[in-house]
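In the two complexes that follow, chain A is the common piece, with chain B as its partner first and chain C second.
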Partner chain A sequence: MHQFIIAFARWVQSTHLGVGILESTWAFPYVQLTHFTGLSLFIGTTLALDLRLMGVGKKSQTAAQLADSLFAWNWLGFAIGITGGFMLFSTAALTYVANPSFDVKLSMLIPAGLILHIVNQRKVRTWGETTETPGIAKLAGFVELLLWLSVVSAAVLIPYFAAEP
Partner chain B sequence: MGFSQWLQHNSFVVWVNGSVVTASSLEIIHYVGFFLLVGATAIIDLRVMGVAAKRQSATQLAEQVFPWMWTGLVLATISGFLMYASDATEYLHNSVFHQKLYLCVLGIIFAVIVRRNVPKWDKLPAIPGVARVIALISLALWVATILWGVDVPALTGVG
Partner chain C sequence: MPCRRRTANLEQFRISVLLLGLVIAFPGTAFSHHGTVGYDFAKTVTLHGTATSFDWVNPHCLLHMDVKDENGSVQRWTLEMSAPSMLARRGWTKDSVRPGDDVTIETHPAKNGIPLGISSGNSYVLKAVVNGKVLPFQ
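Up next is the complex of A and B:
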């Protein structure tokens, strides 16, 4: 598995995508823009729903109504974010896979966050029918909120864990 | 220059940017803050433009998520100010950074315009064309703010 990941990273880094972004003087900021715009849509709307599940903030909409409002752009944001993220990864794939903070982010935190995100989106139809959400919904919302905060933290910490050249 | 130098050497500014835990916390708060700010603003803008959440009332959606836009703005502004403060003298003549702040101010103005008018637009049989244009400008301003934000280190090497 480890060998496969290294081989994959080496290949990604050598493609036109990775090399092209690195060699261009203007592409890199636009790739970052893609990643951050996608994440704003995905994490911004996900946190709004988690907080609603927790019963924190306004209760103008039920959690079910809010989830329905956010659903399409929430996933579109995820798709945009992951596209930008993959392009960022392609510029230095070998360095990223060797970074402990990146590995924890990709192999544990994002999968856990996504699983709970899908569970919450399904359960919100019953949890969120009334203005007050049940205790289990509050807990699920809180745990998902913590997971996405950990994802952002792990991402921010990547440079701090970078191996000294 | 006097103010920038004073700010940069302020003991709290030096401390908060000085250790890994506090410096990375500032970055984390800045990202989470602007994700909330841009995510909440974008979904309201997209609703007004007629491409999101059509089954739900725009007014109720705006009431539900707009407070998170302010929360995000406060988090991003405080953390952003403290990061700026540690390099205040370098940002003094950094035009890309100044443009980012202007875009941000315009974004806030447009967000307030959208929020104030949503209940009025919502009562009409269809959301008027001018409202859709205002919402599109609001959305574009925040995307531009992010672009200028990533351009500060990319073009000027500061940050």
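Up next is the complex of A and C:
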């Protein structure tokens, strides 16, 4: 499996996409912009729902209503974020797979983060019918919040765990 | 009855504030860069050697060169530079330094003594002479 990951990383790094962005005079910041905009949209709407599951803002709408209105933005953000993220990954794939912080980030994201996120989004339809969410919903929201904050923390620590150039 | 609801709300409010505080306490978002704190900006050393490669890459261009010290042993130095966009703005190109070129370049060395230095940032480019020709610097 490890050999496959190395081989995949080596291949991705050699594609026109990867090399092109890596050596471009102007494109790199825009690729970063894509990733950061997408992840901000995704994490922002995810945390809003998690906080609502925990009871924050319960006077304005039910958790189910909030989840419903945020759903499209949430997954649009994810799609944009992962597009930008893959493009960044492609510029230096081998260094990323060798980076322990990147490893931790991805391993928390897939499958834990995504699965808990999808579970919460489905369950909120029943949990969030009333103003007050059940105890399990509060716990699920809290755990998901911690999980995503950990993913983001691991992500911002990536440069600090890169091998010397 | 009104008192009980207020207690429940206060409990919720306290937990929310605590959690919000934890969220805000994550300063990591500001540090999307490894920073330059590992370099000694009070020191400028001049290296003379042969370039082995000049990586014209984002987010930092890298110049690798072999430097012979007083004892005759060769050290492989890595010099961090700014992004291609920033160097291009100053007049550098990806061919400004080629493998095999004779290079004399200034750098701020790493504090821990390894053969690593920084030779340009967003507001400066240290002096580099390649095959006798002075590259744009400020």
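Quick note on the criterion: the second predicted complex is superposed on the first by the 160 of 165 C-alpha atoms of A that agree within 3 Å, B and C clash if a C-alpha of one lies under 4 Å from a C-alpha of the other, contacts with A are read in each partner's own complex, and residues count from 1 in each chain.
In this text, a residue touches a chain if its C-beta (ideal position, glycine included) is under 8 Å from a C-beta of that chain, and two chains touch if they have at least 3 such contacts.
Source: prediction; values computed, not measured.
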Partner chain(s) touched by A:F86 [first = chain B, second = chain C, both, neither]: neither
Touching partner for A:W75 - first (chain B), second (chain C), both, neither: neither
Partner chain(s) touched by A:V152 [first = chain B, second = chain C, both, neither]: both
Partner chain(s) touched by A:L41 [first = chain B, second = chain C, both, neither]: first
Chain B versus chain C as contact partner of A:Q61, first or second or both or neither: first
Which superposed partner A:A162 touches (first chain B, second chain C, both, neither): second
Partner contacting more residues of chain A (chain B vs chain C): B
Contacts on chain A seen with chain B and repeated with chain C across the two complexes: 28-29, 47, 51, 58, 149, 152-153, 156-157, 160
Residue numbers on chain A that touch chain C, as the complex places them: 21-26, 28-29, 47, 51, 54-56, 58, 91, 142, 145, 149, 152-153, 156-157, 159-160, 162, 164-165
Footprint of chain A on chain C - complex, ascending: 12, 15-16, 19-20, 22-23, 26, 28-29, 31-34, 56-60, 62, 78, 80, 83-85, 88, 94, 114, 116
In the complex, chain B residues that touch chain A: 20, 24, 27-28, 31-32, 34-40, 42-43, 46-47, 52-53, 55-56, 60-61, 63-65, 67-68, 72, 142-143, 146-147, 149-151, 154-155
Residues of chain A defined as touching chain B within the complex: 28-30, 32-33, 36-37, 39-45, 47-48, 51-52, 57-61, 65-66, 68-70, 72-73, 77, 149, 152-153, 155-157, 160
